[in-house]
């Protein structure tokens, strides 16, 4: 079938340094805020953004007991949750006034990550179209090897601004 | 490339009724046990198996605040976590003396699920080979519509029995 | 993130028997027509639909030399091509006046299929929304075992009717 | 579940320049050879490798009538076939004496590609383990934008050397 979907990308517009600092501060604040929520997003509260742009959100996380499986290594379901939450937040750098909904998530598990390891997580926004956004994400271990690769395809919902009851805009 | 992988399936061997009852009891007990663990598997502690066989594990779950996103609907990352945990448990009906590791997870999000809804989750074991197992899973809403579809491909690790420090065998 | 995408499904409206016969005849004709085209759809020209409804398109195919890999078994790339083409045609039973574009395809390879085997291919339409359609597909061998499982998520393009230069409406 | 699969990667060993030239010549020859075969691999006969290493196989292809869909843009099924064939060939730079079998393929379609466009296709080998190899691939348009992203997870079959009847070793 056709590989032509909806329309051209609009992610080319980068942010200026000042805006990037503001975006990073906003992203750090939103992840910190997750320690106070009781919905599922709380599982990502220890993720710390270290750089933010329209194209890329780079984060770090130290793997603790709450993140692992029975073997004491990074849990595949938790990894998939981070693929969802972090890529959605990366789209949120550009898409601020619209709702979003997951369409597809896929995750490949290449190598284990041990408890105590600090991993680097890099989410990339590949395309933001009118109706769909495409992202991918890579989890890298302290030895620099890719442990987890994922992607997240997101529907953008024009008439569904992501505003909470408190009026606080959240991207996940 | 070839679609021939490793070798023939071994899931055809079904269980007799008595064995199914024992498997169901075991599965119910393992999910209940998750409310006592501090690793990531705890997020699945409210899943309740309602039937278990070598081919299929059927569960139910009522969606609560801890399972949803900012919009109050089933969280995509939590759904992906259940794809991982429930399909792994379904393989565990057959594979008891070997370790397992996720290779790939993929999830499609078709429809939202509201807080308070009780969903039916059906995991199917499609193939168990010497090195790989293939599963899929479907989340159905009270109206019978498919809300989430997923799959989980798992590596089987001969020399890595899934025994915990306490000697308790767990399948996730 | 949210699993709420666009809106409710509209595939519940089934076809009456007469309409199903007409749909089947149309589908058979379109696949036969592919033997006359020079675009990539030609690779599917030997697929034969055996039943067609809004929910399901069932086809059969005998594996020949043109469909296999170096080992003489069903080619993984050809299988992926059929996932694309046959699921798109299944959506075409319902979506007749709009264009479509692939968003995501995923394929799992469970077992090999030998040259000469006649396989049954069942495509299911899981949801058709305003902007997106979700399908899955299963290839079954003569022994009844699932050899290939796939899914195809499709964008529906309101302002892009799928009409060819000749005015012939095609769904792939 | 665990993200620990099989064992550590072995792709770190790069090739020296002379070996890279030899690998590139071999890869070019194998794709040219596909114009003479009658199996499905023939669809990739116009792919031209432009660099080859243990980590990466870079190719180019000009989109012709045989590669497109009804709309005259790159066919999604053909793209998926190239994801399969080109990533398998990339693994073949390192894995020469063993058989391989596809486990999973996934493809995301971001933007259309017009007939006549020359695209760059970059396959990366992310990990080669004892039993599994992980790859990804990106199709870039003349304007530098990513049109297609894919991944291919492959089983490595120790006792199944990929030798044809003629004794010619082929990697796809």
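Order as written gives the chain letters A, B, C and D; numbering starts at 1 within each chain.
Quick note on the criterion: a contact is a pair of C-beta atoms (placed from the backbone, for glycine too) under 8 Å apart; a residue touches a chain by one contact, two chains touch by 3 or more.
For reference, the UniProt names are A, B, C, D = Thioesterase domain-containing protein.
Because the structure is a prediction, the values reported are computed rather than measured.
S.K.: Among the chains, which one keeps its Cα centre farthest from the Cα centre of chain A?
M.R.: For chain A, the chain whose C-alpha mean is farthest off is C.
S.K.: Taking the mean of the C-alpha atoms as each chain's centre, how many Å separate chain A from chain C?
M.R.: Between these chains, centre-to-centre, one finds 33 Å.
S.K.: Give, as an integer number of Å, the spacing between the C-alpha centres of chain B and chain A.
M.R.: 25
S.K.: Using the average of all C-alpha atoms in each chain as its centre, how far is it in Å between chain A and chain D?
M.R.: Averaging C-alpha atoms per chain gives centres 28 Å apart.
S.K.: Name the residues of chain C that each touch 2 or more other chains.
M.R.: Counting only residues that touch two or more other chains, chain C contributes 1-5, 69-71, 75-77, 84-85, 99, 101-104, 106, 108-109, 112, 153, 172.
S.K.: Take each protein chain as a node, join two nodes whenever their chains touch, and name the resulting shape: line, ring, star, complete or other.
M.R.: complete
S.K.: Please give the residue numbers of chain B that touch chain C in the complex, ascending.
M.R.: By the definition above, chain B touches chain C via 1-5, 8-9, 69-71, 73-77, 79, 106, 108-113, 126-127, 134, 136, 145-149, 151, 153.
S.K.: Considering only the defined contacts, which chain A positions touch chain B in the complex?
M.R.: 38-41, 43, 65-72, 75-78, 80-85, 99, 101-109, 112, 162, 164, 170, 172
S.K.: Write out the stretch or stretches of chain B touching chain D in their complex.
M.R.: 1-6, 84-85, 88, 99-104, 106, 131-132, 152-155, 157, 172
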